[in-house]
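Each structure below appears as structure tokens.
Paired with subunit B in one complex and with subunit C in the other, subunit A is shared by the two complexes that follow.
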Partner chain A sequence: MHKYLKKTLVISVFILTAIALYENFLLVPEYTGLRTGVSDYIISSGLSDTGSLNLITAVLYDYRAFDSLGESTVIFGAVSGIVLILSRKMLPVSSRGLSFIVKRTFGLVTPFIALFSLYVITHGHLSPGGGFQGGVILAVISIIFSIVYGSAFDYRRYSPQVKTAMETMGAFTFLGLGVVGILMEGFFLKNLGFLTARTGTLISAGSIPYVNFGVGIKVGAGLAIIFYSMIQKTFKEDF
Partner chain B sequence: MRNNFIFIILFMLGLYALIMKTNLIKNVIGLNIMEASIFFWVIAFSDVGGEVAIHKMGEEFSKFNDPVPQALTLTGIVIGASTAALLLTLIIELNQFTDTIDRDEIEGLNN
Partner chain C sequence: MMETRIILLIIVPLGTAFIIPFIDLINAKLRRFFVLLGISIQIFNLTSIVVQYFDQIRDGSLFLQYHLGGWQPPFGINLVMDNLSFLFIAIVTLSLLFIIIYSIGYVGHHEGKFYVLYFIIIAASNGAMLTGDLFNMYVFIELLTIASGALIAFQRSHPGSEAAIKYLFYNIIAGSLIFFGVLLTYFNLGTLTMADVANNFAALESGIQLFITAIFLTALLIKMGVFPFLFWLPKSYDSSPAPVTAVLSGVLSKIYLYLFIRLIWTVIGFETIVALNLNILLIDIALFSSFLGHVFALQANNIKRLLGYSSIGHIGMIFAVIMLNTEAGFYGGILHIIAHMFMKAGLFVACGYLLQYTVSNHYRDFKGVGLRDKPVFIAFIILLLSMIGMPPLLGFASKWFILMAFLEAQSYFGAFIVIFGSLTAVIYYLRYIAKGFEEVRLSEDDLKMEVFNQPLLSVLYREKIVTFITYAYTAVIIIFGFGFRFLNIPLRMSIESIMNVERYIELVLGG
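And now, the complex of A and B:
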């Protein structure tokens, strides 16, 4: 009896939620009437304001740069919490690595993965991509190191201190550019106009490429730290 | 331009995994599916049939989709990844103490 009651309750909750969602979706008007004001302004004059071809990057790192600063603070908070929860002292040996062929092949492929991540980071204002996306690709290198060569290799080559220093450096790049914006242009995180070059070149769009670089390093190091902390505790019995 | 039923189905799928499944990792997956349905809805809602808002060199200004919801969705994805990582960390730590990740088998939590 108790079980049937629970089931009926859950099914009614599902049906009510679905009906509420459907009714609310019906109430939402078409988008064409909504995109006035801010959106039209960004689309029409975003290129001349920021010099960034990619208007989404322009929104992220120029118009709403303060929002992105809070976003990277959220990543920092998550990394801090995970490291605090899963902290340990011993050297981790979670896996011994894969076969010789895989190790050699991955040794050849690694520089190209790093190059691709740097490409995605540095071309964030010209093409799809940016700091967050490229940083995730950067973190993939550390993750594959742990799988292919064993996690002890990753520990010796790129110790957690190095990763922490990289993440701090990325955060300070972001904050430093914001402070330079106060000094030179008058507002926190304002785009630095004197850095602007010809639109479409690699070093253009004011401070956006530098902010992208800082965010990319920060996200890559942060995700690598998260993965590293998780894998240590999971395979503790392999010692 | 948009079909609401797909987002409702995805959202209900996530809600089902969140409520009915007792495996905590499946709960986290359900939470992420719910999140993804909202992101899909925001992107599909702001689609007015234009292109992605990236200027191309040597081409004139053409009809663009709104870049603001896309930037906000990027923010949401990053925060969703952070919360998922933190939740999985808590599940790992729970597994160390209770040797289970099923929420019905944890002592003191059932009934």
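And now, the complex of A and C:
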């Protein structure tokens, strides 16, 4: 009886909140049209300003590159926090992994996944994708390794130290390119003029591909570190 | 005026945060030097800005800008340092300097990630105060939330993790509300630059104005811990280690107060708030929150939790006095922000030293704490007296100006809350002072308890640094208590830059 009462109460609170929210959203006036000054400017002259065919990348890594630096620092902070809370330097839980067939097949597929992630990272300024997306694919390799080959495999090959070094390197690439922007062009994170080339080629769009590369490594290593911190064993008395 | 050094205020701590894990791989003992190097570059940078623009700071015409990536304001991100943000950056940097020296003594050299997250907090707080762009502000708020949420669970204990999860729940909801508000602003105005939004906000329909304002206000009320959303605050203050609590209460809540001033006065405009009939409501909510904070503090049986409730009381009071929108209100409010920043951080820092051998933060374990370390306990008492508002200390001056501002605006409920807060504070602090001087007679069972219960933190790494920082906070409170007139010019100038929104808009969009 008590259980049902609690459930009804919870459900009724949810329904009431939903109704209240619905009523409030009805009060919002209708969309009256956007002042399109900024977006029009970016659509019309984004390509000539930045040399990036993908306008989203142009906004992310040139017009508003500082926000991307902040966002990648959010990931950096999250990685540091998770490592701070969870790490006790215990070896990961060992397991043998899956069957021989899966291991072989995955061994064949892995280089192509790595190639695809590299493609997504480096072609950020030409096609959909970029550092964040490619970095996630890079981290997936490390995660699948632990499922298919057992959790100790990846740990032994690429130790957490290597991953930390990679993450730091990625962060420094971003920050360093920003500082180079101050030294050469006068503004932090300004697109480097001497790196521009013919639009549409792989190495064009100033410093955008390099920033993408840094972010990709950083996100990939960071997410792998998060995964391996979470599957680590913790001492009983800690929690 | 374009100035490269204000971007260095953000990227130097960020670079230090990035380099620390790398240094850890090489040699963990080197880390201290990099920590000190980062913070001293930061101080040097700020000092050089003060020296170069001293005249402009004095006559209130300080206005430094930086366009990131070289893009003009409506297209790119811009950083702005006017007198208000200069004042806040100066006090926040001073406070963070004290706390990082304290944590070198408190945490020691075993925890590299602590310093990483701490430097991220430094960078994000400077960024949040400097930025002139709404989305950029959201990014830095998110950074502050993530870094401080991880630091709350620093002790890896059960209550610590619980408090961190609660903190993250509340604050991520607040963060997503801010994001939603930024989204709606962009949806309706097509721009993210604060000055540009401020220019066009009044022209919106009043329904959508109310919606955006309500979303931003809800988010900031959660972040500051004002009445309907205050329940995450005491718990997270209680179960985090002393330097983290000092950062949470001494720095983060003040940054959110700054962002509140920035959003309400510069971006949304106080006339809009008055037109939407929100100002009276907000003053009442804030004063009720202050009342609740002091009442809850009366029943708290835990020193850190008590200080958390008293923080709710003080922040509600500051919030209300700022919402009066008078010059006296801002004067008292900002002076009390400075006073409360140093008093509360100092109190938590002293708590971290005094409670190092006790079993818990509970009232009964406070017995005899004062006899163990008399000089530190006397500093602790001085800080408590400043919280109450004893005359020669800084707390008195700021409370006096707040009282005057309430009386001038004929808000007698507010004046009552100020007096009520001081009187209840006498009751709940005197209880602890008396308990601290009580003599301990250890029985056999107590001794067993003491031995078998794990203390909060067994041994401090460097005891002298820890006590030194406690004295430094007390010295700041006493010196500024006698010489609060020194703060007169920066306070007047920052009030001027709050009130003079047109100048802000013109200088950002025109320069």
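Here is the rule we use: the second predicted complex is superposed on the first by the 198 of 239 C-alpha atoms of A that agree within 3 Å, B and C clash if a C-alpha of one lies under 4 Å from a C-alpha of the other, contacts with A are read in each partner's own complex, and residues count from 1 in each chain.
FYI, a residue touches a chain if its C-beta (ideal position, glycine included) is under 8 Å from a C-beta of that chain, and two chains touch if they have at least 3 such contacts.
Predicted, not measured: the structure shown is a model, and the values here were computed from it.
Once the two complexes are overlaid on the shared chain, A:F14 sits against subunit B while remaining clear of subunit C. By the touch criterion defined above, A:S229 reaches subunit B but does not reach subunit C.
Shared-chain residue A:F153: touches no atom of subunit B or subunit C.
In the superposition on chain A, A:E71 contacts both subunit B and subunit C. In the superposed model, A:D62 makes contact with subunit C only, not with subunit B.
By the touch criterion defined above, A:T36 lies against subunit C but remains apart from subunit B after alignment on the C-alpha atoms of chain A. Using the contact criterion defined above for the overlaid structures, shared-chain residue A:K190 touches subunit C, although it does not reach subunit B. Within the superposed three-chain model, A:Y119 lies out of touch with both subunit B and subunit C [touch as defined at top]. With both structures placed on the common chain, the touch criterion links A:I82 to subunit B and to subunit C.
Touched by subunit B in one complex and by subunit C in the other are residues 28, 31-32, 35, 38-39, 42, 64, 67, 71, 74, 77-78, 81-82, 85 of subunit A. Subunit A makes touch with subunit B in their complex at residues 10, 13-14, 17-18, 21-22, 25-26, 28, 30-32, 35, 38-39, 42-44, 46-47, 53-56, 58-60, 64, 67-68, 71, 74-75, 77-78, 81-82, 85-86, 127-128, 132, 200, 219, 226, 229-230, 233-234.
Taken together, the subunit A residues at the contact with subunit C in this complex read 27-29, 31-32, 34-39, 41-42, 62-67, 69-71, 73-74, 76-78, 80-85, 161, 164-165, 167-168, 171-172, 175, 178-179, 181-182, 185-191, 238-239. Partner subunit A is touched in their complex by these residues of subunit C: 4, 7, 11, 14-15, 17-19, 21-22, 24-25, 66-71, 74-77, 111, 113-114, 116-117, 120, 123-124, 127, 135-136, 139-140, 142-143, 146-147, 149-151, 153-154, 156, 158, 161, 164, 187-192, 200, 205, 207-208, 211.
Residues of subunit B that touch subunit A in their complex: 1, 4, 7-8, 11-12, 15-16, 19-20, 45-48, 52-57, 61, 64, 66-68, 70-71, 74-75, 78-79, 82-83, 85-86, 88-90, 92-93, 96.
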